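After this come two complexes, each holding subunit A, first together with subunit B and then together with subunit C.
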Partner chain A sequence: MEAYIKGIGIISPQKTFDTKDFLSDVVEYDTNSLRCIEPSYRDYLNPTLARRMGRIIKMGIAASSVCFKDSGIAMPDAIMTGTALGCLEDTEKFLLAIIENDEQFLTPTSFVQSTHNTVSAQIALQLKCMNYNFTYVHKGFSFESSVLDGLMTIAEGNGKNILVGGHDEMTDKYYRVCDRVNYWKKETTPTMELIKSKTEGSIAGEGAAFFMLSADKSEKDYAKLRSIKFIYKPESQKEIETRLNEMLAEKGLKPADIDVVVYGNNGDTRYDGVYDQLRDSFFSNSTSAYFKHLCGEYQTSGSFAMWVAANILKTQSVPPSILIGDKKHSQIKNVLIYNGFMGTDHAAFLLSQC
Partner chain B sequence: MEELINKLKGEIIEQLNLEDVKKEDIDNDAPLFGEGLGLDSIDALELIVLLEKNYGIKVANPADGKKIFQSIRTMAQYIQDNKK
Partner chain C sequence: MGKKVYVTGLGIISAIGNNVAETLDSFNSIRSGIGKLEHIASRHQTEIPVAEVKASNEELTAMAGFPKEYKNTRTALLGIIAAKEAVKDAGITDIRELRTGIISATSVGGMGMTENLWMDYLNTEKSGDWLRYIESHECGDSTEAIADSIGVKDYLSTISTACSSSANSIMLGARMIKLGLIDRVIAGGTDSLSKFTINGFSTLMILDKENCKPFDAQRKGLNLGEGAGFIVLESEEAAKGKKIYCELSGYGNSNDAYHQTASSPDGAGAYLAMEKAFSVSGLKPSDISYINAHGTGTEINDLSEGTALDRMFEKKVPMISSTKAFTGHTLGACGGIEAVFSALAIKNNMVFPSLNHVHQMPELSFTPEKELRKDQKIDHVLSNSFGFGGNTSALIFSKKN
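Let's turn to the complex of A and B:
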């Protein structure tokens, strides 16, 4: 199961939209809740349709549009997205209206737009794409599931060009709810200081990222996506290392063959030990990078990580803003992403140079 | 009546998220659906709820909708005639 990443479109708290720039101008935040830098949507959406759409729907459509343009593929053979929270803003609007209006005077718009599959459905509507369309809602495995489905679809010969993506939005209410179960840091943490912090909790984030996976190789591909593994609630570090060894062995690789590892450190002392141990022992020869200080913690942050990994391979560079330590490789052939959400949903992606 | 029309325009802009439309852009007698503001069937449901929530007026017979929602002026007239 392998595929080439032919195009990418991403909206994030960094200047990532519709640009080939790779983190040369990082935006630093002094807040515990990062929000996306959104483009003007006029170029991507009919204003009549856009007026009903919540923020995440607009972000999803705009990001996927850029992905289509970047890949040169106008019509995908399938659309698969992953989201843990769906269209949260519209869901909140609808539920709040139920409470405020005593279950009366309920209007259809926010309800219609609140379902989890709205983004992939709207992308299909815009394209008039009647092909396979699926949305995975599996918390920290949502994006990863869409990628797995994309790889399987290509492997089984059911499609050549597959749009996969991950999207989740942060709202003030959701931030407060998660804060009550200690997801976030209690003290304000500057983003560039995130992994140096020695406290519990992370910083909240959001984003929408889409990738065109293709069976066919071409000159301008970013990278080759070679494998993805899910590790649910690993019981020990040994289990993680065993699973990673199996994953690499399937591709004829050893840990020492991984030039760069992109870790999901989120600055939370409860969870960062897993990454630190991998870095210190299992991948001790690899260049280390991290990304959650740039996009924040959210269930589909693996999509931001995949953008980072694909660009590391394409540009053959690791920007200083994401580097941990000073190990560097002159040629980058293999990149591994190891990311987890709140200690339960761990996933590894293996990408290689084309 | 003019005061009601002006208020109604503001409520419609807010309820239907007509971000780029200002009150003065809406012609009092232009059709709300199809041409004019270009509203559709989902908007019709929003307008029915708006009448009930903001003015306590329930559109009992759906067939009356075509006449009531012809324009801002017809809508305002309906409110004026039926407001409790």
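Let's turn to the complex of A and C:
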């Protein structure tokens, strides 16, 4: 089960909307809740339609539009997206209306848009795409499930060009709610200080990223996606290493064959140990990179990581802003992403040069 | 892809019973689960009928096999009860013996708790052990609670495509088995009633104030329900020597791409989903013995689905019923619940009745079965599930050769 990444569209707290640039001008934040740099939606949506749409729906439509353009594929054979929280803003809006008006005088718009599959459905509706359409909502496995489904669909011969994606939005209220269960740092943490912070909690993030997975190789491909594995509630470092060894062996690789590892370090001392141990021992020969200081922690951050990994392979470079330690490789053939959400849902992606 | 996928275990909880045996008893006694909302304090309690599971959260906690200190959402508890029954029914004693996954589905996850606690979450002056429910809001949390309760670790996922969610989780499970990614999967879905969905559907004006009347010319809308339904799917090798209910022979998903909430009048998406399911199974429409329709009782669904069925079956629609007048529309759980019904129809040679049908829809060629039918030869069952966002799914269950 393998596929080529033919195109990408991504909206994030970085200047990623222009697909040509790869972190040449990093935006540094001095806040614990990073929000996306949004484009003007006029180019992607009818303004009347856009006015009624929630923010994440607009981000999803715009990011997927860029992905279609970037890949040169106008009509995907299937659409699958991952989102842990769905359309949070609309969900909150309807919830608050129920509470404040004691279940009276409600209107359906925010309820309808709160449905978790609204983004994938709206993409299909805009394209008039009647093909397979799934939405995965499993916390830190949401985006990863969509990627696995994309690979499966290609392996089954049920499609050649598959749109997969991850999207989650943060709101002021949900940030405060998650703060009550200690998701976020108490002290303001500047972007480039996150990994050195040595305290509990992370910084919140959000984003919408779409990828065109293709069965056929072409000149414009970013990278080849070769494998994805899920590790649920790893009980020990040994279990993680065993699973990674199995994953690499399936592709005839050893840890030393991985040129760059992209880690999901989120600056939280409760969770970063897993990544640090992999870096110090299992992948001690690989160049190390991280990304959550640029996009924040969120359940579908694996989609930002896949954009990073694909661009590392395409540009054959690791931008200084994401590098941990020294660069150890000049030619980059294999990149592995190891990412987890809050210590529960871990996933590994293997990408190789085309 | 020639491999077969078998159904070896069933688990269910809904307004018509807390397990498979009670569910069959309700069908045999023609006992609908629709009634007054008891377990949610809502201003609509007396005015909007629902199909509620007849147990409090405390009672569900005990049924799920947990001490009363165990706290989880109603969505998770319903899921745990049904998934445990399915695993037991499949005779699985060591879940780690084979590569096992769980694929669940839900529409609102832990909303039933969030809607009561939201203002307290935002008030930092209030604190308590209820803060633990914050993390249970996410849809995937109920799946992890189910996985932990039965010991599944190899693969977990959760699907939310509104009312087709759990048909899609069954579809994904079958595909993973056929690709050899796992050996068996517990697939289905769970959803609890919430003020959020009751009010949401109420604003759309598609809730019947009386018991729903699927495929009746004078239908007025749906009744919301709650529950969970899981089936155990196993590869041919894993199922060898085991009790087998039926084969999951076909599946298909498509998108109507017509409107965010309404189905197209001609049911184009529904037609495509069924067409794909037939293609996967290698069967033709005339092979189908019984259709468990989506049949929500809304004006739009029943017309759209019925029109697609008339086209697919060239107006020779076999025995058909909607079980929504028994269980209500259980949203993210209905595909799982109706998969259990489909397997039971095959195993017990029975067809469940469509309640409250009086007036023939002039647009359609068929009339749903109004009586419970027994001693029927049921070889192949088609089960439809359609959801918001144009999501349309069809599953075909077949008697094992």
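In this section, the second predicted complex is superposed on the first by the 354 of 354 C-alpha atoms of A that agree within 3 Å, B and C clash if a C-alpha of one lies under 4 Å from a C-alpha of the other, contacts with A are read in each partner's own complex, and residues count from 1 in each chain.
In this text, a residue touches a chain if its C-beta (ideal position, glycine included) is under 8 Å from a C-beta of that chain, and two chains touch if they have at least 3 such contacts.
Predicted model only: the values in this text are computed from it and were never measured.
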On the A-aligned overlay, A:I98 touches which partner chain: subunit B = first, subunit C = second, or both, or neither?
second
Check the residue A:P108 against both partner chains and state whether it touches subunit B (first), subunit C (second), both, or neither.
both
Decide which partner touches more residues of subunit A, taking subunit B and subunit C as the two options.
C
Does subunit B (first) or subunit C (second) touch A:P47, or do both, or does neither?
first
Under the stated touch criterion, which partner chain does A:G252 make contact with: subunit B (first), subunit C (second), both, or neither?
neither
Quick one: classify A:P320 as touching subunit B (first), subunit C (second), both or neither.
neither
Please write out, lowest number first, the residues of subunit A touched by both subunit B and subunit C across the two complexes.
104, 106-108, 112
So in the complex, the part of subunit A that touches subunit B is made up of which residues?
47-48, 51-52, 101, 104-109, 112
In the complex, subunit A residues that touch subunit C:
1, 79, 84-86, 94-96, 98-99, 102-104, 106-108, 111-118, 120-122, 124-125, 127-139, 141-142, 145, 149, 152, 155-156, 173, 176-178, 180-181, 230, 232-233, 299, 344-345
Write out the stretch or stretches of subunit C touching subunit A in their complex.
1, 42-44, 106-107, 109, 111, 114-115, 118-119, 121-122, 124, 131-132, 134-135, 138-141, 143-144, 147, 153-162, 168, 172, 175-176, 179, 181, 195-196, 199-200, 202-204, 253-261, 268-269, 272, 387-391
Hey, which residues of subunit B end up touching subunit A in the complex?
15-20, 38, 42, 45-46, 49, 52-53
